[in-house]
Each structure stands twice: as C-alpha cells, then as structure tokens.
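Across the two complexes that follow, subunit A remains constant while its partner is subunit B and subsequently subunit C.
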Partner chain A sequence: MKQDNVMTTPFVSQYDNLKQALPGYSQPWMTTLRDRAMESFTQAGLPTQRRESWKYTNLRGLQQLELTERALEPQPISIDRAPSLLPEGTAHRVVFVNGGFRPDLSDLAGLPEGVIVGSVADLAEREPQRVEALLAAHSDVEDQPLVALNTAFMRDGLLLELEAGRKLDRVLEVIHVNSAENGVFAHNARNLISLGAGSEATILEHHTGLNGTAYYINAANDMTLAEDATLRHYRIQAEGTNAVHTSTMNGHLSGNSFYDGYTLSIGAALSRNETNMKLTAAGARCHLNGGYLMRDKQHCDTTTVVDHLSPQTSCREVFKGVLDDRSRGVFQGRIVVHPEAQQTDGHQLNKVLLLTDTAEINAKPELEIYADDVKCSHGCSAGEVDHDALFYLRSRGLSETSAKALLIQAFLAESVSEIGKEELQDLFLEKISDWLAI
Partner chain B sequence: MLEIKNLHADVEGKAILRGINLTIQPGEVHAIMGPNGSGKSTLAHVISGRDGYDVTEGEVLYHGKNILEMEPEERAGEGVFLAFQYPVEIPGVTNTTFMKEALNSIRKYRGEDELDAMQFMKVIREKTKQLGVSNDMLKRAVNVGFSGGEKKRNDILQMAILEPSLAILDETDSGLDIDALKTVADGVNLLRSPENATLVITHYQRLLDYIVPDFVHVLAKGRIVKSGDKTLAQELEKKGYAEFTDQAA
Partner chain C sequence: MAATVETVDQVRALADDKYKYGFVTDIEADTAPKGLDESTVRFISAKKEEPEWLLEWRLKAYRQWLTMPEPEWAKVDFPAIDYQDAYYFSAPKTTEAPKSLDEVDPELLRTYEKLGIPLREQEMLAGVAVDAVFDSVSVATTFRHKLAEKGVIFCSISEAIKDYPDLVKKYLGSVVPYGDNKHACLNSAVFTDGSFVYIPKGVRCPMELSTYFRINAANTGQFERTLIIADEGSYVSYLEGCTAPMRDENQLHAAVVELIVLDDAEIKYSTVQNWYPGDENGVGGIYNFVTKRGACRGKNSKISWTQVETGSAVTWKYPSCILQGDNSVGEFYSIAITNNMQQADTGTKMIHLGKNTTSRIIAKGISAGKSQSTYRGLVRMGAKAKGARNYTQCDSLLIGDKCGAHTVPYIESRNSSAQIEHEATTSKISEDQLFYCRQRGIGEEDAVALVVNGFCREVLQQLPMEFAVEAQKLVGISLEGSVG
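Then we have the complex of A and B:
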C-alpha cells in the first residue's frame, strides 16, 4: 500500500471484521473472489492523482467524510415512499435505500417471463450460480481499484437478466435513496446486468441523496450484451451535496448489440463516472452521452474508455457541461481502435459552458488508433454564454436570468436529444430546468 | 416620446456617437440614412441597451423616463423594439418558446395577465395571417438555418407579436426581395397609430416608398448633419454622402 494513501486504511482494516457478515459468505467461491479483490485493492490503494486516469480528480475529499468503523455496515433508515420519477403503474420499480434492497417499496408485478429482476444480496443466497456467472463475466477487468473495493465489500444491487429474445416493454426504474441521517456510511452497490441475444430493456436509474448528509457511494456495474441485444440506460446522479459518488460501468458488447447511455450529473460534492466499453464484435454500437451541471465547489469527473476490438464497431459521445461558481468539471474521453478494428466509427464531443471565471474544466480527449480504415473525430470546447444571443433575448423582454436559463437549457438539450427513448427526454429536461431554477 | 439629447458614446475608447440630438413625437416615422460606419447601429444599440457602449455625455428619455439606466428587458417592457441588422441565431430555442416567454415577460412588465398556450397560439395565428408569413418557422430554432431574408421577416413577426410603441428597424430592408420588403412594410404599417413611432435605419429609398417617413436624417461621423422631409432621401440616393462626410470631418 502506498504510504500517502491514508484513505485506503479504513477499508483495508475493516475487511477481516466484516467479511463473515457479507452476503454470500456461505459460498466459498464468493469469499475467494472477495479475498482476491481485497488483496488487489490493498496492493493498489485508492486511486491517486499519480495515476494517469485520475490526474484531475482527487479522492482526498473522502477524508472529510470521516468514515468511522461502522461506516461499512448497513445503515438502514426508515422511509415509506420511494421518490419515483415515473407515473405509478407505468414502470417496474426496484428500490434500494442506503444500498439495501427494499422489496416493500419496489414493484415487480407483471414481469414478463424470462426476465429476472432482483436483489444481488438476495440472489447470492437463493441462486448463487446465477450471481457467480454474472460476476465471472467481467473477471477479465484488471487494474480497477474501485471495482476491487466494491467486490470486496459489495452487499447489494440490481440484478437484471433477460433471456434471449425477451423484451422488457416497461421501463425498469431503479431508485437509490441515500441518507446519512443515522451516521456516515460508505456502500458499494453492485449492479449485474446481462441481456441475452436479441433482448431489450430500458433502465431509468436515479440516485437521490438527502442534502447536507455526507456518505460515500462506490458503485460498480457489470453489463453484458449478447448479439443483437439493446440496453437503454439513462441515469440521474443527484446525490446529496456533501456526498462522494464514484461509479464504474464496465460493458461488453457483442455483435450488433447496442448500448444507449445518458448520465445527468447534478449532485454530490465529488463525483466520478467512469464507463469502459468493449465492443467485441462487428455491429456493436454504443452511445455514451450526458450532461453535468455543477455549482458551488462541486467536482464532477466523466471518464469514458471505448475499446474497439472488432471491425465495424461504432461509438458516439455527446457530453455537455455547465459549470457555475467555483465548480470543476473533468472530461476524459479515450477511444482505442485496436489493429483489427477496421471500419470503425468514433465520434466524441464535449462542450462546456463556464458561467463564471472561477469555474474550471479539464478536458482530455484521447484517440489511440492502430487501424488505418477508421473514421474518428473528437471536439472539445469551453466558452461563456453567447453575449449576442443574451442581448437578443433580453431586447425582446426576457430578464437576464430567464434569458440565461433558456440558453443553458438549449445548450443541454442538444445532449438530451441523444436519448434514444424519446419519451424520457422530457424528464431529463425537467431535471435540468429544476436545477436552473434554484 | 423619444428625446435624444447631445448623446455621446464610445466603443473601446473610440468616440462613435458625437452629440446626437433627435426628438421623435408619437405617430411619427423617422428615417436615418448615412454612410457605413457612421454610427447608425451604434445609436440603435445604445437606445435598446446593448452593453459595450460607454455613454460619456447626454441622455435618452423615453416617455420622459431616462432609459439609459434601464436594463434591455425593461426598455422592451417600456415599448422599445429593435429589429436587428444581424438577427442572432439561437440553437435549441424554438421561436414559439422564445416568443411566448418574450410576450409574457412584456405583459408582466406592463401589469397584464400572462397568456396560456392556447391564448398565445391565437395571437400567433392572427399575426402570421396579418403578415402573410407561414407558421413553419415558429417550430424551428430561432433563426437557425434561416436565410437572410427569413431572419428579417422573423424579426418583423416578433415585432408584430410584441406590439412595441417604438420600433427601430436597423437595415431590416437590406438583402430583401420585394415580397419580404412588403412584409416588413406591412409589419410597420400594422403598428402605426397616433401613439406609436418608428425609426427606420436604411440605405435605400426603396423601403421608404412603402413606409413613408415624416423626417429623414443624415448621420455622418456620429452626428446628425442634415434633416429634412422624404425628398431628402431621394436626393441622397442621387448624390450620395460625399458632401456630408467632408462637412462632418
């Protein structure tokens, strides 16, 4: 363990005390998996800025949370209603409160045949083979200390499995509610998603935190899409303003499968959203889009790595950031076109509006291209709200505030319009106008 | 209703307006002509409140109020409207959204009730009909991908919807075909009333055939160097500005 990495210690020191109480302890393979993960995490430590991929984001902010020994234990809170964003009865709903599954708040009635939606903790006991298989699917991922940390301590999360050809017509709403009202906590949500050949699902995932409370969420998502599968995955990160949120999404995309992702980040004092996509066969496509709206001293890191491992794969990324006050945004977009990946399409765009002189963006697009027949482009820009447009609107009677809000909304709408499931776009636009109205 | 007294304005330390005096009474149409770079747009911008101009001397009163101290949106609320020489493109904001917000902001400023979507659409239908413009551009983003002439027409539609008491047209006629020119003239004439006034900035007599001015002024090097009736415009079209540029130097 690296000497200066003081934040690693509380996690390492708790592992031996806690491991017997973690879900799946009765399964020897699970404990072996956790032990190995802990070993790897201990070796690597929490990522520091000395790592190239963590150059602009410092997890030292975790120290301010003062995670105690109890922090890694479950911290249930009483809550009798989930803050759903979709009208009752129009979606399947899975609710996690402080990381723990709450069947009483969830609504899984009427799931089609061949679709499994449940809690990882619950299934680790009831159907351990299923969980084992899903976890094994991503065991090739190395050098991800936060995923290792997650694997060591994970307790619960969403398990979604679709058999070949199954379609989930309704949206699956996944709600994570967090509150540290009973003490500071850290939890490691693990979501396991596997879509069989030709299957299709839409997830609306949102993370809501009570403002003012401090906690740490370290989420990991393993996503596997078989041939011709489609996953639409739309997320809202609205953690409490003192929270730290890190999430790592690892995806494997088979031939002709399609991943359509959008992440709106508005919460947390410090957040990092890392997506790693492997496009493993011809026709695999991924759209990684998002918006980040930050104010005060918030910090938001968006990191994407797309590996084109096969010919005829494509990715498209459109990110828009709005940074106010002294907030800071980080965008790292890496596209790797491996030698065999001919006829690859990669497009990446990150545009940022800086609302003050003190807001800051660090943007680092990286194209690594080892094939010759490739169409790749990237664009990064940062600027202020267009002065001429502002005057034009104001000269027609709009106040400075509403003129600015309208321009910012329009700026962000360009990324929201990338959301493939169009009926969900309004919901994101509403979240954005709520943010602007504060 | 508009009194401009000894107005001086600088841009980046350079004197552009150098003592403008101009009074417009309700019901009047004034035309300002003048060589490129003489300060016509600058005058229009200072009246409507664009930033970047330093007023070093003088005042602008509108209905007796000093509007130089007002925000652009307050001036709009007071009834000042500027049709831009170069209307701005605003990606992602539809004309309908923009106009609804604009009209309701102005109504609010005047202490009137805001219109709901239905009432607003009624206004839109009425105005597009009066001006003979199509509804198509309402759904599109403000001026994005519009031709030069369409942008100008869009500004006139905005004017018709907002019903200002003082309309300032900054070369709205430049680059327009005959039909579009008529739309502009219709827009202005629609607003004409004993209470409203119009200030037309133009290089061409053409528009003034449709919007007949009561007064024509020549602006050169930041000053009004000559004023007359509509025949002055015809004279200028023949002789050009050489006489005035020398005189103002």
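Then we have the complex of A and C:
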C-alpha cells in the first residue's frame, strides 16, 4: 500500500524524544511493547479510506488540528470541580483531566475489598506486573493502527480489576474532562478492565470537552470478562465541538459472561467508536447499543465487530441515529459466526432519521456466517420524520418544532430502553432532551 | 482434437445425468493465436471487419486493462488467471453467414437439440426468437422477419456494428465505460460477439427475445457484449440462458451487458446461469465475471433484473440500475445457489439520482456443501433523489455445516425524504419442514428441493413461464448430494 507520510506526523517523529518520559519506561517489557507498537504504526500510518473498515471516515480532519511537536506532552489545566452526572455519594468517581488522573477530584472512598480502581500510569510504576498482565491479555490484537498508536504513547487511563465473585454495588463514574486552553494536544488514553469470575460492575463513562478548543483523544479499552462476569458499560461522548475522538474497544467474553454497552455520541467534530467483541465460550452474551445525534458538520462513525467463536453465544445491537444540518453518520456493523459457533443468535438494527437534505448516512451492516445452525438478522433503515405522525401532533396544537422533537425523542427512546441498568435510562433521556432543546 | 476426446471420455466417466449439458461439439475453430497482446485485439477487430473507431476504443480499453489491478475485494478465492494461456477468438468455420437454418452446420443444430432448443421447432412452438451464440459468432437468428415488421432490431452485435453504426457508437460503453473495472475492460478490448436489441418508440416487442450462450472450444474465454436499447414507450423481455460443456480447466467468462431505457420504456432481463460448476473437489468450472448495468435514462422508465445463478465455480456479478429519470423503477430478483466448492459473490447496485425513483431488491442465497455465497449490494440515494424509496430483503439459507453465507450491503443516503429499508436474515433449512415432508413419504432430496423452491418462490415468480419451469428443476438438480 502506498505510504502516506502526512498520516504519521507528528507521532512518528516525536516518539524517540518522548519515550523516556512515558510511564513504565523503567520496565524493559513496556519499552519493548511500545517500540513494537510504534514499528507497526509507522508501517501502517493512520487508517485511510483505502482500508475497507475506514471506507466512510476520513482522518484527514486531524490535520486541521495542526498538532504541534509539543502536542503529545502532558497538558495539565486548573480545574476545581469535576462535572459529575450522579448525585454526591451515590457513585465512586474517577476523574481524568486532559488525560491525567486527578486523585483530588476523584472519590474512591469505600471501595469494596477485591476491587482495584486506579490510574494506569500510577500502577505502571507501583505494580507493573498487574499492568503487564492486563495488557498481555489483548496482545493478539493485530491490524489496528490506532491501538498501536495508543500503545506507543499511552500515558494514563482507568484500571479496573475485580477479583472473582466481587460486586461493585455503586456505579463507577469515570469522567474525562478535556480542554486545550493551553494549546492543541493529543492524548492516548488506555483503559484496562478485567472482571474476575462471577464479578459485576457498572461503569458510567463520560467525556466532556470545552467547546471551541481543538484536541485529539485516541482511546483504547481492553476489556476481559471471566466466566459469569457482568459488565454494564454506558458512555456519553460529548467532546468539544472541534475535537477529534477515536475510541477502540476490544473485549474478550468468557462463558456465560455478559457485556451490556450503550454509547451516546453527541460531541466532537469527528468521532469514531469502534467495538470489537470476541465471544469465546458458550453462553457469552453481548449487547451493543447506542445513539448518535449530530448537527452542523459533525461526523460520527460507529463500527462494531462481533466474533462468535464458540457455540451458543448471542449478540444484540440496536443503534439509532439522528442527523441534522450537514452532519454525517456512519454505521458499520459486522457479525461473524465462525464454523464452530453453532446455535448462535445475532441480531442487529440500525435506524437513522435524516432531518435535512444535506445530512448523510452511510451504513454497512454485514453478516459473515460459516455455521449453519444459526439465527442471524440485521435491519437497517433511513428516512425522515413520519409526516402522518407529525400532522397528528400538530392537529393537537403542538408547534412543528416541538412535535418534531417529541417524535425524535420517542425514536431514540427505543435504543435507550435497551440500557440494562434502568435507573440510568433517565440520565440518557435527559441528555437527549438537552440536545433537542426541549 | 485430443482435448476433445479427453473431455468426452471424462464426461462418460463421470455420471452422465449429473450434468447433462456437458459435451463438446467437434467443429474446427478458426482461432487466434493463444495469448493476449495488442495484435490479438487488432486480429479480432480485423477478423470482424470493424470500423476504425471501434478498434481505437478496443485498444484504449486494452491499454487501460494492462494498468488495472485485479479486483480483490470480493469474497472469492481462486488461483490467479493466466491471461496469456487462453484463446481470445474462435469462430465456427463458416465463411459466409447462413441465410436460413438449412445452411447452419448440422453439427451445431444437433448441439442445440441436446440443449433442448431445437431452433426450427421453436420457431413455431415457443414463439421465442433465438440469437444463438455458439462460441463467439452468432450463427442463426430466427424470427428476424417478424421482428423487422415491428421495427425491432435483434441481431448479433457484430452485425449491428456494420448495419447500425450510429446506434452502436452512441450507446456502446455509455453505461459501462471501458475502464469501469478490470473484467469489463478486458471485455471491451476483446469482445467477440453478443446481442444487440433496439426497440423503437412505442413498440411492445411481440415475443420474448432469447439468447443461448454456449462455451465450446476448449481454452476459449468467452467475452460477450450485449447492448439493449428501449426507446420511448417501448417494452421488451429478454432471456439469457447458459450451459457449458464439462471440462477440467477453468474457463474465463467476462461478459458485459448494457441496458438503456428511455422515457416510459421497460426492459425485463432474465438470466438462468447453469455453467459447469466444477466437480465435488472444486476442479474445473467456469469463472463468471460479469458486468451488467442498466440506465433508466427516461422518466417513468423501468429495469427489472431477474437471475437464477446455479452454475459456475466462481461468480462475480452485480446487475445494477442507475435510476436517472424521475419516477424510474429498478428491480433485482436473485436466486444464487452454491454447492460443493462453488463460490458466488453477487448482488446489485441501485443508484437513485432522479426524483421519486423506487427500487426493490429480493435476494435469496442458498449455500450447501463447502460453498461460500455472498450478497454484496449498494443502495445509494443521491442528494436530488427526493421521495426515493428502496426496499431490500436478503435471505440466506444454509444446508450443512461446512458452507458459508455472507451479507455485505452498503447503504448510503444523502436525502432526508428518501426512504430505505433493509432486512437480512440467515438461518438453516428447517428440520420441522423437512420432517413434515419426509413423514408424508417424500424423499430427503426432494424434500430439500421443495423447501428451497418455497424459499425462492418470490423470485421464481418473476421469471417468464418457460424459464420458471426450467429454473425450478435446476434448483433441485443443483442441490443434489447436499444432504444425507
């Protein structure tokens, strides 16, 4: 493939200068890992549209950020309060500001025994073997240039580890606040999550950013669920309107484990949420749901790949999108049923409302099936707000704007109702109402 | 003709009834030297006494072909094609075009009889005009006069180039440009024959037009070029059926079909493709790389593609519609059956450009044995396609645990008033239904054929009557040996 030099700067040129300052430099295995990742990133470069999995998303927008040589260095800013979404005392809280862990804003009091919540940077120095083990669990990841980039430069992120049988009763709220008030920056956040057999946790993760400032967040999440573990993972991506946000989640699900995910994307100029789930043993279930609300010239890419590697595994996906102004949405969903994975259930639904003639949706729902005893389906639709429903509401005295907003809210509510932790549904509906300004 | 003897023996050795169309006719071919270079292109053009512009066009295509990489995005896997190891031109040894059926080589006529299309009887009974393509040059065309009365032109493309150069020059390559893709490009450079149809304004073609394609001489890739033009307010239904002799070498077939539909006109294009699929181990079989595309240029125009794909070792085929005219309609009905080691990557593209354009896609894939079948399709709503609608349904049926069925739809919409609906399902053949049939004394294979026929019913209904009967039988034959 033709090399596109533009697509590796400033990352490649800065690596040698920076690597000594990166966390875990004292650990030879870490440096080897980073070096190898850098090598693979240098070869591949940032993904271009020549790659089938990036057909509809162009990362050239990154160039507009004008990342300088200093962009990859830490940029602390002063902030005295974390914008929490949950009432004080009802949740454990971890706060990252411009990618760096802020213990002073976090609240980790009363964590149950056998539950480790901390900063990857911190633990890479204090308990390197723990970080090494968690990173090694996903070393099979290949051909993901953004994850390679992340591995080379990762500084900090959430580390969550639950021992077998432990339950985290309160929600773990993970807050990422970003602001480039001191100059453009790029941050590679790495979150490592491992749930022991039969353990259970709920994460509410939200990313907020200061509008108008430009920065690049490249997040990578490694998630491992042992037998019978349950992870509920709900996310709100509300980065600043000029930001670029790419996130890659790689998950391994063991027998009878359950992953329930929901991602609401409303922020960033350009965002991509990629989720790769491997269902490796019987009974593994995975729900990937989400909503994307875009306006102006925002671009949002939702990509999911679910690999059914073992018999009796199931997945379910419901994604809803609303696209206004000149925004663009991309949905790529792939369900792969490997030859051994008999009795697989896979269902996927993607529905999109286009509010203007300048908005655009590109969808590619794929089924790749190598086993015969399966039930798989996907559905995809795109269209505008139902005129009859609109007329009905208007004839009952609602203004056009509020009638439309009501219909859009109802449209999105279908995906929100998929959130397994019901008490959090209202929070997401509220975010949607805010976006609709009703 | 050692190769022929060998093949005949081989056919005898294999079960005769398994592939009843597997035989080779012994006719001395006037072939171009093996291999492909500019002189081959010039040889073909000279042999067919073509005008200068066409030779230039062929050469342009050839030069572009050299620079193009093989398309590798399809989910098919086969050894690289050695383009230099094939003949690009072989014509039956008749110096002058026959004026009636009596002048046609009796050997050829016998071949058609085996295929079940006795031309003479057809003339009276079936009401079907056949432009029989034997290898590369058309040798007999019936019903010419009856069609001529209505002003319908139905002839081989070589004749059309001589007799209607203006029409050909205007439309050839206007839907599938010579550089469209590697296979279409090769076809543009070396196409030897094919059919040409022109339906004048307001004429409803009085009969179904049909072309039988045969691949005969060993090692000859076949490059058909079909061009159908439906002028304002006209209608034509065109049938294309294919059979090929049994042989051990992979044969390349890269056809191009172009349809042009003007205001209020309609073309219905039906295909039954039953080429040699190779044996149980994947040896032999045809490579079928076809570019089919229609342009609904006029208002209220309509194109309907129906295909039953049961043959070929590798199928790479995406009959598409470009819906330019307002209110134009595109339809795609497809059955793709793969068994043993067959691979099929097929689907359609519906490009909505005009207002209120509608399209409908019904694709049924059946995989058995160790085969892989893929539906790959694109529905695109352009920014000006106000009120456009699309409905897509792709269903896959799996028989056995060694096969694969894949669905890769691309959906792109740039218009809020356009509505797109897409549904796809994959499941295995229902045990309950099979049990029900077995219980009533129906053999397992017949039961499978019955269930599959039911599964395909929506598509089979779209075929003209003559084809529907043949297609139903084909569905059963193709799945032989897939159960038990």
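Details
Definition applied: the second predicted complex is superposed on the first by the 433 of 438 C-alpha atoms of A that agree within 3 Å, B and C clash if a C-alpha of one lies under 4 Å from a C-alpha of the other, contacts with A are read in each partner's own complex, and residues count from 1 in each chain.
Methods note: a contact is a pair of C-beta atoms (placed from the backbone, for glycine too) under 8 Å apart; a residue touches a chain by one contact, two chains touch by 3 or more.
Not measured: the values here are computed from a predicted model.
In the superposed model, more residues of subunit A are touched by C than by the other of subunit B and subunit C. Judged by the touch definition given at the top, the superposed model places A:V305 against neither subunit B nor subunit C. In the superposed model, A:N362 lies in contact with subunit C only, and not with subunit B.
Of the two partner chains placed by superposition, only subunit C is touched by A:Q342; subunit B is not. Of the two partner chains placed by superposition, A:M277 touches none, neither subunit B nor subunit C.
Contact with subunit B, but none with subunit C, is seen for A:D388 once the two complexes are overlaid on the shared chain. Contacts of A:L407 after superposition: subunit B is touched, whereas subunit C is not reached.
Residues of subunit B touching subunit A in their complex: 48-51, 71-73, 75-77, 81-82, 84, 87-93, 97-99, 101-103, 105-106, 109, 141-142, 158, 162.
Remark: subunit A residues 386-389, 391-400, 402-403, 406-407, 409-411, 413-414 touch subunit B in the complex. Chain contact summary for the complex, subunit C toward subunit A: residues 73, 381, 383, 386, 396, 398-428. Against subunit C, the residues of subunit A that register as touching in their complex are 52, 339, 342, 352, 354-384.
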